[in-house]
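Each of the next two complexes has chain A plus one more chain, namely chain B in the first and chain C in the second.
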Partner chain A sequence: MAEKIIIDPITRLEGHLAVEVEVEGGVVTDAKSMGMMFRGLELIMKDRDPRDAVQITQRICGVCPVAHGTAATLSLDNAFGIEPPPNGRIIRNLILGANYVQSHILHFFHLAALDFVKGPDVPPFIPRYEGDYRLPEAVNKAAVDAYLQALKVRAKAHEMTALWGGKMPHQQAIVPGGTTEVPDAQKIIDFKYRLKECIDFIDNVYIPIVYAVADAYPDYWEIGAGCMNMLSYGALPLEEGMDHVKKEKFFPSGIYLQGQYKDFDPAMIAEEVKYSWYADDTGGNKPTEAVVTPDVEKKEAYSFVKAPRYNGQPMEVGPLARLWVMKQKDVVGLGNKAFSTLGRHFARAVECSMVAHAMDEWVGQLVPGQPVTTPHEIPASAQGMGLTEAPRGALGHWNKIEHQRTAVYNAIVPTTWNASPRDGKGTPGPFEQSLIGTSIKDPANPYEIVRIIRAYDPCLACAIHLMTPDKKLISKYAVC
Partner chain B sequence: MPTKLSRRNFVKLCAGGAAAISLSGYLAPFMKEAVAAGAPPVIWIQGGSCSGCSVSILNSVHPDIEKVLLEVISLRYHQTVMAASGDLATDVIFKTAEENPGGFVLVVEGAIPVAADGKYCLIGKRNGEDLTFLDAVKEVGSQAMAILSVGTCSSFGGIPATPPNPTDCKPVSDIVKNVPIINIPGCPPHPDWIVGTIAHILLYGMPEVDTFGRPTMFFDGIIHDNCQRRQYFDNAIFAKKFGDPGCLLELGCKGPIAHCDTTYRLWNNGVNTCIKAGGPCIACTEPEFPGWPIFERIPEMPIAPGITATVDQIGGVLGAAAVVGIAGHLAGNVLTGRIGPKKNHDEKEGDD
Partner chain C sequence: MSKIAIVGIGNLLMQDEGVGIHIINRLAEMKCLPEEVDLIDAGVNSYDMLDIFSNYEILILIDAMQAGGDPGTIYRAPLEELGLQPDSNITSLHEMHFVEAVSMAKLMGYEPEILVFGIEPEVMKMGMELTPGIQSKLPRVIELIQQDIENIMTR
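Up next is the complex of A and B:
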C-alpha cells in the first residue's frame, strides 16, 4: 500500500510551497508540487501606465526584484523600440550581477545549507528534521560560522546593487531606456571595493563548503536528476543591439533538449494548462495570449501553476541550465552527474564566482559622466518581450500596450518552469521528475524531498498565479 | 525592563538616523539583557508577500543581523529562516502562542487575502486541515501583546490590494481589532524601522504612532523636507529625463507626500537612497501606494484625511493641513510657470 507524504509548508524558500508524494516500498512513485499563494499581479498591471511594470513587477519577489525589474524594462525597451547607451547597459548588468551574488549566497547558506549543516541548538535553528547530518564536526562548525559570515557578505552584495539602484530590495534605478544615475569615479571605487570582499568569500569560503558538503553527501550526485532538458534565455548583454537572442551575452541563449544542444527560439514557448485550474484547454498558449480564467472545478487539475513547455517539452532553468548551455567546463565536466541535487548547488557556486569576477571587468568599462538613458515615448499601441535570467532561472515578461496603457501582461518565471505540473501529454514537470524514483529512508523525516526541491532555489511568490479555493489535499502530514 | 537608556533618549537615537552610533553602540546590549530577562518571543508570519521585508531585515547593520537573530530577538518562527519544515514548523507558531498568552509579539508580513475564506494563501496545515493565513492572523494575532504590520502590504494592503484586488487583500488592522497594531510600512521597510520598533516594544512598550499607526520616531517627516535634490526644487531645476541633474518631480517623484526618513537614514548600510540614485520616490510608505502612476507627476495630493487635491488646485486650498509648506512650494512653482500645469490625459506623452 502506497504511503502519502505531504510537506506543507516547505520552509526556507520564497513563498508558500507544498509537496505531495506517494511512496511505495520506500521509493517515490508519484509527486505533485503545489503552490499555495496567489496575488494576481498580472491583473493589477492592466490599464496602468506601462512603465509602472518596472516597479510593480519587482514586488513579485523580494529576493530577485532586480530580475523582474530587468525583464520588465527589457519588454518596455522592446515595445518602445529603444535601447540603453553602453553605460546604461553596464549599470543594469552590475545591478543584476550583484543580485546574483546576493541571491546565490543567500540561497546556499541561509535557505539550503541547514539541510546539510546542523545549526546551533537555538531557535530558529531548532526544531529541525533529525537524522542525516554527516559533516565532520569541525567542518560543520566552519559551515555554521560561514552561515553568519554569509549574512554580512550578502548584505554587502545588496550594498553593491544599492550603489546604483538606491536601495535593496526593490531598487529604483532600472527604467525604460537605461538607468537613473550617471556614474562617477567614486561609485566605481565603492563598487569594486565591496566586490573584492564578496569575491574573497565566494572563492575561499562558499565554494570550499560546497565541496565539503559534496564530500559528505556523495549520494546526492545521484539524487534528483529531473527532466535533463536545459533552457537558458541568456542574460547580461555584452554589446548593444536590439535582438536579445542573437547579441553577445555573458550567459548565452540556448537549449539542451533530449541530449542535443540547439539554438533558442522564443516562438517555441507555450503555456499548457491541462492539469492547471484554468478554463482553457487548447493545448498551449503563446505568452501574450495568456489564459487567466480560473476553473476550480476542472477535472484532473491539481495546480494553478501553469505548465510552460518548450517545443512541448518540460525544461529545467537555473544556474545548472545556464552553465550547461554555455558548456562551462567544470559543470559539463561532471557529465550526467551534473543533473542532480549536488550538481545544482555546485553550478550555482561556480556561477556566483564567474559573475563576480566578470563584474570586476565590467565596472571598469563604465565611462564617468557619460549618459545612462535613452529618452522614450509611450507608443499608442505596441507589444514587447523582455527575456533575461533571474538568479533562479529563465525569466520572461510579455506586454501588450493599447491606448498607451498596459492591455496584457504576462510573466513566465523560473519557478513556473521548474515547479510546473504535468502537461497535456501527462509529462511531469522538473520538480516532479526529480522526486519520482527517489528513495525515502524515513517518511517521518523526509529530508530527501526538501533537499531535492530546495536545490532548485524555488521562488513561489513568483510562480503562483492562482490556487484553487477548494483544493483538496489528503490532509495528513506523514502517512495515510 | 532592565535598562539604563531612557525612552526619551532611545527615541532620539532612533529618530536621529545616526544608526552607526545608536543602534549598535547602545541598543544591542540593552536588548540582549531584555531578552535574557525574559522579553517576549517574536513570531514572524508571511502571507501575501514577496518576502522583501524579510530580505530587508537581513540587511540590518546596526545591530547586525547575526545579533538580531541570535541575541536581540527571540525569533521562534520565521518561514524563510527556520530549520524545520512541515508540521514541525507550523506547530511552533501555536505552541509559542499557547505558552505565552498575551506575551509575544506577532510580526505580520504581507497582506491578508480574505476572498474564498482566505484560501488564496495557505501557510501550512493544522490538525490535518489547511491553515489559511487569514485564520493564523486572526487566531494568533488576537492572543499577541502587540502586532507589528511589517511592510506596506500588511499595513495598508499594498501591492496585492491594488485594484482590482484579485484576492480581496486586507491589512492586518481590518482583521484583528483587540490588540494594539503598529504599522511599519515601506516597500520594503528599512531594517532600522523594524528592529528599532521591536526594541521599543521590548524595552519600553508601545511607541508613539501617527494617524496611520506608524511610529513617529521614523515616520514624522517627509522625504521632500530633507531631499538631497531639494536645492534643485528650490531653484526650479527639474530633470526632464532619467540621469539628468535636477528635481525629479516631473519624472514622477512622490517625495512631497511620502512620510519616512530614508533621505538621511539611507539604505543598505548608508550607501544610497532612491532619490539620490536618480530614482523618483514612489511613496511606498503611504496608504495609497501604489495607487498613482509611478513615473508621472503627482496627480493629486492628500491634504487632510479623506481630502485630496491636484497639485494645480492646491494653490486654492492653502491652509488646509500640514502640507501647506509643500503646497506653497508647488503652487508657487506652478504659478511662476516653472513646472507647467499637468497635461491632460489625451496629450500625455513620454517624458522625453
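Up next is the complex of A and C:
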C-alpha cells in the first residue's frame, strides 16, 4: 500500500517549498514539487520608471537580491542599448562573484552539511532527521568546528559585496550602464585582503569536507540524478559586447540536452501552466507573454510554480549545470555520477573556489580613474532581456517599455526551473525526477528526500517574513 | 556607549507585511533620532541579519506580527518573550527566519538585547502601499520607538 510523505506542507497563504512523495515498498513511486511563486510582480512594475526594477526586484527575495539587481540591470542595459565600460563590468562581476562565495559557503555549512554532519544536540542543530550519520568522529568534529568559522568567512564575503555595492543588504551600486562605485587603491586592497581569507577557507576547509562527506556517503553519487538536462544562461562577462549569449563569459551560455551539448537560444524558453494555479492552460507562453492570473480552483494544479521548459524539456540549473556546460574537468570527469546529490555539492564547492580565484585576477584589472558607467536615456519604447546566473542557477528578467514606462515585466527564477511541476505533456520537473525511484529506509525520517532537495539549493519561500508568535503569550504585549 | 540600531524587517512588495520598512523610511525622513542610532532596512534578508545581530548591542526590530489582535494592533515585547522558535527542517536558505540568525549569533557569542515592535497586518498581497488603517498607526509606533530610544540613551 502506498504511503504519502509530505515535507514542509504548503499552505496557499504562506510561501513554502514542499514536496509530496508516494512510497510503495520502500521506493518513491510518485513525487510532486510544490511552491508559491511571487505573483503579480508585473502589476507593481507596470507604469513605473523602468529603472525602478533594479531596486524593486531586489525585494523579491532575501538571499538573491544581488542576482535580481544584476538581472534587472542587464535587462535595462539590453532595452536601452548600452553596456558598461570595463571598470563597470568588472565591479559588477566582483559584486556578483562575492555573492556566490557567501551564498555557497552558507548553503553548504549552514543548510546542507547538517544532513551529513551530526551537530551538537542544541538548536539550531536540532531537531533533525535521525538515523544516518556516518562521518568518522574526528571528521565530524572538524566539520562542526567549521560551522562557526564558515559564519565568519561568510561575513567577510558579504563585506566584499558591500565594498562595491554600497548600502547592504539592498545594494545600490549596480545601475543601467555600469556601477556607481568607483575603484580606488584602498577598496582594491580591502577586497583582496578579505578574498584571501575566503580562498584559504574554501580550499583548505570547505572542499576537503565535501570530499570527506563523499567518502562516507558514496551511495549519494547514485541518488537523485534528476532530468540530466543542463541549462546555463552564462554569467560574469569577460569582454565587452552587446550579445549576452555570444560574448565571452566566465560561465559560458550553453545547453546539455538529452546527452548532447548545444548552443543556447533564449527563444526556446517557454513557461507552461497546466499543473500550476494560474488561469489558461494552453502552455508554451513566452516570458514576455506570461500568464499571471491566479486560479486556485484549477483542477490537477498543485503548485504556484510554473513549468519553464527549454525546447519543451525540463532543465536543471545551478552550479552543476554551469560546470557541466563549461566542461569543467573535475565535474565532467565524474561522468554520469555528476548527476547526483553529491555531484551537486561537489560542483558547488569547485565553483566557489573557481570564482574566488578568478576574482583575485579581476580586481587587479580595475583601473582607478577610468569611468565605471555609460550614460543613457530611456527610450520611448523598447524590449529587454537580462540573463545571468544567481548562485543557485539561471535567472532571467524580461521587460517591455512603452511611453518610457514599464509595460510588461517578468522574472523566471532558478528554482522555477528546478522545482517546476509537470508540464503540458506530463513530464515531471527536475526535483520530481530526482525523487522518483529513490529508496526510503524510514518514512518517519525521510532524510533521503531532504538531502536530494537541499543539494539543489532551492529558493522559493521568500515572499513573506511574518512574525507569528505564541498567541497565548502575546495579548499582554499589545500597546495602544 | 552601546551600539544601537533600529531594524525594519519585511517585504515591501506585500503591502502591510512591509510595515517595518515603511517605518524605517519614515524615521529616516524625520531625522528625529540621535546620531548614534543606526537605521537599517533589512528587507526580507534574514540570514544576512547575522551581521546586524553580531554588530549591535541593542536592537529595536519592527515587523508585521500576526498575533490575533485587530489589524493595526501594536505589540511591544522583548524578543525572548515572544515564544518564537527556530524552524525545524529548513529546506531552503530562503526560509531562514531571523530567529535562526539570532540563534546563530548566540553560537558566535553575541547576545544583543532585542526589543520587538509588531504591528498586526490587515492585507498582505502584492502591492507597495500600506492599507490606510495600518498607515494611520505609523505616528504612534514612531512615538513609542522614540520613547524607548530616549530611555535607552538615558540609562
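Note that the second predicted complex is superposed on the first by the 444 of 480 C-alpha atoms of A that agree within 3 Å, B and C clash if a C-alpha of one lies under 4 Å from a C-alpha of the other, contacts with A are read in each partner's own complex, and residues count from 1 in each chain.
As a convention for this text, a contact is a pair of C-beta atoms (placed from the backbone, for glycine too) under 8 Å apart; a residue touches a chain by one contact, two chains touch by 3 or more.
Here the structure is a predicted model, which means the values were calculated and not measured.
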Inset, instruction - Go through the superposed model and pick first if A:62 touches only chain B, second if only chain C, both, or neither. - result: both
Inset, instruction - Once the structures are superposed on A, label A:364 by its partner contacts, choosing first (chain B), second (chain C), both or neither. - result: neither
Inset, instruction - Could you look at A:26 and tell me whether it touches chain B, chain C, both or neither (first, second, both, neither)? - result: neither
Legend entry - Touched partner set for A:51, first chain B, second chain C, both or neither: first
Inset, instruction - Would you mind checking which one, chain B or chain C, touches more residues on chain A? - result: B
Legend entry - Touched partner set for A:158, first chain B, second chain C, both or neither: both
Legend entry - Which of chain B and chain C A:131 touches, first, second, both or neither: neither
Inset, instruction - Please work out whether A:241 is in contact with chain B alone, chain C alone, both, or neither, and reply first, second, both or neither. - result: neither
Legend entry - Partner chain in contact with A:457 - chain B first, chain C second, else both or neither: second
Inset, instruction - Kindly classify A:218 by the partners it touches after superposition: chain B alone (first), chain C alone (second), both, or neither? - result: neither
Inset, instruction - Could you pull out which residues of chain A sit against chain B in one structure and against chain C in the other? - result: 7-8, 16, 38-41, 43-44, 56, 59-63, 65, 106, 110-111, 123-124, 126-129, 148, 151-152, 154-155, 158, 168-170, 450, 461, 466-471, 473, 475, 477
Inset, instruction - Over in the complex, which chain A residues touch chain B? Could you list them? - result: 6-16, 18, 36-41, 43-44, 48-49, 51-52, 54-56, 59-63, 65, 80, 106, 110-111, 114, 119-120, 122-129, 148, 151-152, 154-155, 158-159, 161-173, 175, 177-182, 190, 371-373, 375-378, 404, 450, 461, 466-471, 473, 475-477
Legend entry - Partner chain C, residues of chain A touching it in the complex: 7-8, 16-17, 38-41, 43-44, 56, 58-63, 65, 103, 106-107, 110-111, 123-124, 126-129, 147-148, 151-152, 154-155, 158, 168-170, 415, 450, 453-454, 457-471, 473-475, 477-480
Inset, instruction - Spell out the part of chain C that touches chain A in their complex, as residue ranges. - result: 9-14, 17, 41-48, 50-51, 54, 63-69, 73-77, 81-84, 86, 88-98, 100, 103-104, 107-108, 116, 118, 121, 124, 126-128, 140, 144
Legend entry - chain A contact footprint on chain B (complex, rising order): 46-56, 58-59, 61, 64-66, 69-70, 74-90, 92, 113, 115-117, 119-125, 128-130, 158-160, 162-164, 166-167, 169, 187-188, 241-243, 262, 267-269, 271-280, 282, 284, 290, 293-296, 348-352
